[in-house]
Structure formats: structure tokens, C-alpha cells
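One structure is given below, represented as C-alpha cells, and several questions about it will come after.
When the chains are written out, they are named A, B, C and D in that same order, and each has its own residue count from 1.
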Amino acid sequence: MPSEWEPRILAFLCNWCSYAGADLAGVSRIQYPPNIRIIQVPCSGRINPFFLLRGLQNGADGVLVSGCHPGDCHYISGNLAARRKFALVKELLKYAGIEPERVQFTWVSASEGGRFAAIVEKVVEQIQKLGPNKKLVKSYER
Amino acid sequence: MSDSQQIETRLRETAEKLLREKKVSLFLGYEKATLPFRTSPLFLSKPEEVERLAWNPFCTTNLSVYLPRLFKAPVDARAAKAAPPPPTVGVALKGCDIRSVVALLQERQVRRENLVLVGIACPGMVDRRKAEKALGDHQALGAGEDGRGNIRVVVDDGTEITLRREDVVADACLECRSPAPTINDIMIGTPVEGKKTETARLRTAEFESRPLEARWAGFQEVFSRCIRCNACRQACPMCYCQTCIFDQNRPRWIGAGTDLSDVAIYHLVRALHLAGRCTECGACERACPMGIDVRLLGRKMCAEVEDLYGYRPGEAIDATPVLSSFAMDDPQDFVTEP
Amino acid sequence: MTEKLISHTNLERLLERLRERGTVYAPGRDAEGEVALLQWPQKEPLTLEFTNFRQSPKAFFLPQTQTLLRFQDGKPVEASLPSGERYLFGVRPCDARALLLVDKVFLDGDQNDPYYARLREKTTVIGLACAQTMPSCFCTSVGGGPGDGTGADVLAVALDADLLLKAVTAKGEDLLSRAVDLLAEATPAALQEAEERIHAAQDQLAPAATADSDRRLREAYDSPLWETAGQKCLGCGTCSFLCPTCHCFDITDELRGGVGRRVRTWDCCAYPQFTLHGSGHNPRPTPKERWRQRMMHKFRYAVENFAVSFCVGCGRCIRNCPVSMDLRTALKELGA
Amino acid sequence: MSRNPYLPYPARIEEAVVENESRDIKTFRLAFEDPGSAAEFRYLPGQFAELSLPGVGEAPFGIASSPTESDRLLFSVKRVGVFTAELHSLEPGAPIGVRGPLGRPFPWERMSGKNLLVIGGGFAFTTLRALIKQVLHPDQRAHFGSLLVIYGARTPGELMYGNELAEWQKRSDIEVHLTVDNAANGWSQHVGVVPAVLEELKPSPKNALAVVCGPPIMLKFTLLSLTKLGFPDDAVILSLEMRMKCGVGKCGRCNIGGKYVCKDGPVFTRQELASLPAEY
């Protein structure tokens, strides 16, 4: 099975910067791995850590959150408030013995199609190395 | 007369005066429970009943857990209109408890003008499980305090056993850095100086020093005993949500069973929701019927919040809660770069 | 009724023999040092020196989480029922008696619960009489006793040198008949010793005001006491999760991609969601009504329906309540 | 041993008909996948069943058809929550589980030979429809005295089973009074709340049984009117709604006093209810 296994990564992208950045990557025909499933959110500040854990529980091998760069938030400070939450999520998962690479946070602006592709490439590569998410995923077969 | 007895006398006088002068309509304190090493919360509204008030080494309950309920307006608008005005409440609070009240005030869950905060000096409260364990095969029939603050226990064969207080106080008390109720309207007893105790940090550091897989094994070992009863949540003063996400059933987000995945998410989400809000009173772990180290994750969150943002919950009523604020230069070394 | 003696060495042999036929659970120390009903053998030797387990053995028959149906391609099929035999050694009389009470609900003859029925059928319970009680114990006030074998298949009484084994049910008789070589005849002296031990334990127990509870609770439905209790109750559910007779449950579905299950999990009348209607109406809207329901169910409704109260006096709710509520106090005050 | 009480009979939706103007009530006609299930599923009006959708869950609904309509099994469902929303989204042909029949039906033996007064309000007319269908069946009708029906809703568009109501009004072996709170153009029948119509009609309590289903506020005032008219408590029959899960008297959710609504109800006489705590 592992030979056929491809990581599935859930990506929460903010509407104003990162989603546009991903769009730009597409329009510019920049190649990046097809492993991500995008959920558009109004702002990275909308992300409740519960979303990330729920993604992992439901079988995502990794979760990526991307918002506007600090200082560029459409809502002035949504990403800055989110940054604190993200720091804690990352630390908590690491502490609990869950690979911290399973959840990743980044900033991508609307003009950074290349950066978006590079980030996805990096995240996919890291998760590929970790293998399937087994710790938090819920088995529906038991 | 032990310190506790003196405090008890003062507490009764204070409550009696507050009730008699109608400064408060309700006084929250403790009364003797039927079993040793315990007290039960007391909702007192008659000044002539203050003799029921007790103060002893077993006043563990964080009474602030009752405050949001007393001030919560009914959701239904018509019921809200018909509801009686919020009560004025006097409440006996230890250092940790008062920190919870501060956090609740920060989050606008209680009304300062309706509260009379009676701070009480606390040398650490007894964890009944530790005390019971310390007695071995003996059953306690009664327990009290000796002149030096140690715990005197009458056991089933009629003999008396003395337990050293520091051997049987709750973990949260051993870890306590702020035993003094800093914010109060009335102070009873001489506040104990806060020790700059590193106990919680050391416990966290020990767990953190294990390799990743050993931490996961440790996490599972601790939480696989969880029976999903919700006692930790219900005992927590900061868990006042109208409907907790784990109770929502339209749809139900998380399974109510003991699948490790559901249990893990419950405790992870709870730790995150309490990050920057938990005042480390330890009510959750004392309530846990399975004796789980419920605060395993919470201790880590408290340390992180303090290290990253220099914030300790429950310090100042006018402080903005840490996760509702930010600084431009907050650390972001965790951010993924290409 | 067969009464035999078994030495401590032979007891281990008996358990060993039972292990050949199924899974054996016996008192052992868990990671916390607490005595619990653990799969036998453990690294540590068998221990008979304990008051009672933190959790009642309820979960052996009504697991906290249990699959009722499985969904395959979206279609429900019955979950397979467990087939292995189980032997529980060391169940205290109060907890054993609780099984017979829960049976009244789950094996009511009309619509038996097949999952519960199978687990009951596949389990042999060897009770262990109490020598040491706790201040929270009151089994003798609710129809049980430290030497009561009701609900167990065999009751063991630990003596100085040996254990006395009394067969209580046909299953118990069968178990003893298969172990004749490990057993000795019960001597009058041993029977006497067992009697004395049980009496000694009985003498430690203080009576609780359980008499006439159904009538008194019927009359006290509007008592102000419920208000006082409701103020204090945190609605945490500890009492019912630990209670050996509390059996209320929830049923929920878990499904992803056509695969999943219908699962039942413990539930509790102390939770506001328990009775909350889809319309938002809640017949038991505050902790007051919910706490009253638990008391009424145990001491009035059960008596009305089954002529027996659904409390076995194990005291777990009293020992573990985070705010030290004691139903004995309530029972006493409601009589006054 | 009997059948696993938690296992639903497989069925499918044959037809889904919108019942009201606000389009939030649909009547589902179900058919069992296996003819054997249909033979096992023997019910009487007043009973209910748990409908089951894998992954969504189960919910209890009164059976809206009568066994005299041997070709159909009907459930009328109002869209209020997750389960009912999902059910409403299903098209004919969709699979569904049916678990039951559950609960105690209307007291048919007691009703025999009696004049029947059937009072319904709003959406709570489903099992009353079943009752009326049963009584009107040619083989059955002679077993009962007169049949008087009072059915009210907020607006004419919210009255369920419109065609059947019109048919019944043409018949001589049943008297049907319809009433609405707010009349629309062309409405020529009663205007006003159900208890008002009841007091106007003044049915005699002699040799009569009243069967009442409706929202709490309607129930409250209708019961007062019935008392006024001289109906004793044991001649008034009600059907309760309660949150349910197992449906077989085990999970404890629908417990009222010593009774379980799922097993001992949902049909109770007013007298029986008077001895229970008012926790419903």
C-alpha cells in the first residue's frame, strides 16, 4: 500500500491573498503537486484549531493554512490574531507526540504564485516522508 | 486555634455581615461534607445559617465555577425579560479561584459590581485521593487539621494518623505560583507569598524531553483511560459555553465514544480552547473520576503562552485576553518558508 | 448449593484453567497503583486486598462505546456479537447485584437487547465478599450485603488460609464441578469463619434512610431540596458514569464514504442535551429537574416498575462527586 | 430469540408529497424491500417507527397510514433538524430503514362502540389521519359510533391531507370541522382556535372518547374545554412527543416518571398522564 500511497493535504486559504496566490500559480501554469484539497476561508483568522484537528481525524495526512503576510490582512489584523493560535497548535501537537509537520502555517500574497507552488511542494515532500497520518485519524471500520 | 479555625471564624463573621446588611443576597462558601477530606459548596442566603460555613484544608472546589451560571441570562428573549435581576454574590476565593474570577471578568461573564470577592489565604488544599492513598489499607472516618497545618485523620481501627500537608496537597497546589488572592474586596488571613515554583515547568520539561513516539505513547496512556464523562469540563470555571462543541448534535462533530481519535481530539481541543484562559486551579483533574492527569496538555499551554507572549491568565481585569490580541513582532519561526 | 474450599495456590490454578476456556479478569494494580479488574495474569500477583474498583464492571456488559450496526455501502448490517467466554473474578457483591437490576431493563423478555444479552451469557461472574467497607458503602440499606451472592455465579469469601467458594447459579455449579480436584470440602470451621467475616463487614456499615423511598419521593416531588441540590450539581455525569446500574445511552451514526457504524455510548440524565427536543423545548431544563430525575429513577420509578430500588449502595457517586453531594443526605432530608 | 430490535427493515421511498404551503411537511410513502418485512411489520394506528438513514441517524415518527391501506406505509415529516432535512432531500427510490412498529397504539378495544371525537392541531395530525382511515374502513366503520373531527391550523395552506379532508367532508359517516387562525380569500369554514370550535360544537361526552394531538398551547386549552364539556380524564386520549433513541424502553431518554414514552406510550389517557410528573 505505501507505494501507492499519496498524501492528501487539506489547505485552508484566505480569500484575499493566498487563494488568489494559488489562482495565480494556476494561471501562470506553475507546476506543483496535486495533493492538496483547497478550502477557501474569508481570512486565516477564521481558522479554528478544531478545523485542523477535524481534518486530521477525517483522514487528511497534513493540513496547511495560509493567509496574507503580517501587515497585509484585508481585515487589518485577522492573521496576526491567528498567528498566536497557530503557534500554540503547532506546539501542542508536537508536545502530544504528533508530528508537527502535519500542520503547517504560511503566508502567501496574491502576487506570490511561485511561493505558493514552492510551499506546497515542500509540504507535500515533508508529509510524504512522514507517511500516512495514523495517530489522529478515525477508523470508521471498527 | 489553627489558622483554618481563625479563618473560619472570620469568614462566618464576614458572610453574616454581608448578608445581614444586604450587601449580598447570596454567599458562596463551603460546608462540611459527609466523607472525610471533602467539603461541599454552600449557597448561603440566610445570615442566621453562617455557622454552616466551614474553612479547612479540604476546600478544594473552585467556587467561581458557579458564577457564570448565576449571571447567565436565559437565551430565550421572553424568558430573559421575565428573569429576576442578577443576584449580588459574596464568594470565598483562594488565590487560584480569584484568578478564575479575573479571567471571567475579562471575558464579561460575571459582573464586578454584583460581586463581593472574599479572598482567603491558602496554604494549599488536600487532594482527597492522595490522602486516601497515603492511608494505605486504612479507611478514614474523620479528618481535620493540627496546629501546624498537617492533616490529622481518625481511621477505622480508632487510631489517629497524621499526614504531612505537603505530601497530600493537590498537584495544582504544589505547582501554585500565586496562592495569594491579589484582587479582593475583603481579605481573610495573612496571604502566603507566592513561591516561584517551577514544579509545573519541570513536569512539562520531563514529558517534553521524551522522543516524539514516546510522547505519543505517553499521551495515549494518559487519555486512553478517559470515559468521556465531561467532569473535567463541567468543573472548569472557564468552560461556560452555552453549548460545547462536543455536545452539539446537529450535526455531531465529534464522536461521544472512547475511540482514541475522539478522546484525543476532545483533550487537544479543550487544551487549545483554554490556552491563555486556564488559571491552573486544577479543578479538572480533581474532578476526573478516572484520576487522569487531565492537565498534561494544559500545563504545556500555560508555559507556551507565558514564554511566547509574556502573559499569565487571571492577573489583571483590564488586560486583553492573550488570544484576542497580538503584537506585530510575535514570534513566527514556526511559519513554513519555501 | 455447593460450598467448597480452595487454597490460594489452587485459586491461581483455577484461574489458569479458566484461562484455557476464555479470558480471565481479576483484581490487579493498574498504572496508577489502583486496584482494577484487569486481564489476568498481570506482572503483579493477584490481589484480594482492596475495597472496590474505581469503575464498576458495568462496562463489561454495556461498554462505553459499542457498535450496534455496521454500514457497508450505506446498508446497515448487524454488528457481530462477541463469542469468547469471559470470567470475572473478584466482583464485589454490590456490583454483582447491580447486574441483576440492569438485566431487568435489557433482558425484559419483551425485546431483549441482543448485545447485552450476549455479553451476559458469555460471562461468568465470581463474586468476592467484602471484608473491608468504606464510609460511603451502604449496601445493606438497599437489599444487599457484603456477603450477598446475588448476581454472581459463584461467591468467594476470603478466609485466613483458604477461600470459601459458594455456587450461586447453575453456571456456578458447573464451574465448581469442573474443578473438583482443586477443591476441598468446606469444614464447619471454615463456614463459621466466613460467616463471622461477613458479619464483621456488615457491622461496619451505617444504615441509610432508604426505607419507603418510593412513597417519600412521590410526596417530595416539589420539595425545595431539589432546588438546593440543583444549585450545587455541576451536571458532570460522574455519578452515572460510575454507577453500576445507570444504563442510559445515546445512539449516534458515524459514517464516511459509505463505511461506518451505528454506535451506542453512555449518556446521562444530568446532561441538558439528554432530553432536549428538536424544537428547543427541554422537559428537564435545569440541573434541579435533572438531579431529581436521577434520584427519582433510582429510588422511586425503579421501585414502582420492578419493586426494587436501582441503587446497590456501592457509594461511587458519593466518593467521586466533585462537589461532594451525598444521596444519603438527600434521602434522609426528604423523609423529614 | 426475536429479531434484533436495533436493526431496521430495509425499505425505499416510493413517493414524497408536499403537504403544506410552506413546503416543510412532506408525506413519504415507503415500501419494504423484502415482502417478508412487510408481513412482520404489523401495526395499528397510534404506533410509531424509527426511520433510519445510515450516517445521519434515526428519528421517531408516528405512522400516518392505517393498516387498512394495505398498499402503503406513510410518514408525514416536518423539516426541523438535521435528520428531517436529509429526509426531505431524498428522491423516490432512495433507500431508508424502518424500525418498528413501536409503542402502544390507540386503545382500539376501548374505542369500540364509542362515539369518537378526534381533535388535531397543525402538524400533529399524522396518527389521527391513520385513526380516521381505520375507522372509515368499510369493515370497521360499524364498530364505532359517530366520528367527529376538529382539525385546525394557522392558515388553510397549513392543513395537511387537503384532498382527503375534502373527501371526508362529503361523506355522511364522518363530520369534519376545519378551522384556521388566519383565513385566506375564499375560506368559508371556521376561523378561530380549535378550543373555540370545540365549545361551539359542544359534543356530548356520553359514551364518547376524545383523541387529541397538537402543539402544547393548543393541548392546554383544548383539555380545559374538554373538562368544561364534561369529558372525564380517562375518556381523553393523547399522544406524546418526546426525544427518543432506542424506541424499546432501554436508553432512558423518553423516561417520564416510571413510564417510557416509546414503550408505554406514546398514547396515554389524560388520567394516566395526571399521575406522571409534568416532564414532557
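Here are some notes:
Methods note: a residue touches a chain if its C-beta (ideal position, glycine included) is under 8 Å from a C-beta of that chain, and two chains touch if they have at least 3 such contacts.
Model, not experiment: these values are computed from the prediction.
Looking at A-B and B-D, the interface holding more C-beta pairs in contact is that of A-B.
As a whole-number value, the distance joining the C-alpha centres of subunit A and subunit B reads 36 Å. Averaged C-alpha coordinates give centres for subunit A and subunit D that are 51 Å from one another. Per-chain CA centroids place subunit A at a distance of 47 Å from subunit C. Residue positions of subunit B touching 2 or more other chains, listed in rising order: 255, 259. Listed for subunit A are residues 138, 142, each touching two or more other chains. Residue numbers of subunit C whose C-beta contacts span two or more other chains: 250, 252, 254-255, 260, 267. Inter-chain contacts, as defined above, occur between A-B, A-C, B-C, B-D, C-D. Interface residues of subunit D, counted against subunit C in their complex, comprise 1-2, 4-8, 10, 52, 54-58, 80-81, 84, 95, 97, 216, 241-243, 245-246, 248-253, 255-258, 277, 279-280.
Across the complex, subunit C is touched by residues 33-36, 38-41, 43, 61, 65-66, 133, 137, 139-141, 156, 221, 227-231, 233-235, 243, 247, 249, 252, 255-259, 283, 286-287, 289-291 of subunit B.
Chain contact summary for the complex, subunit B toward subunit A: residues 204, 207-208, 212-219, 245, 253-255, 259, 261-262, 264-265, 268-269, 271-272, 275, 297, 300-301, 304-305, 308-309, 322-328, 330-332, 334-338. On subunit C, the positions that touch subunit A within their shared complex are 67, 254-257, 259-261. Per the touch definition, subunit B reaches subunit D in the complex via residues 250-251.
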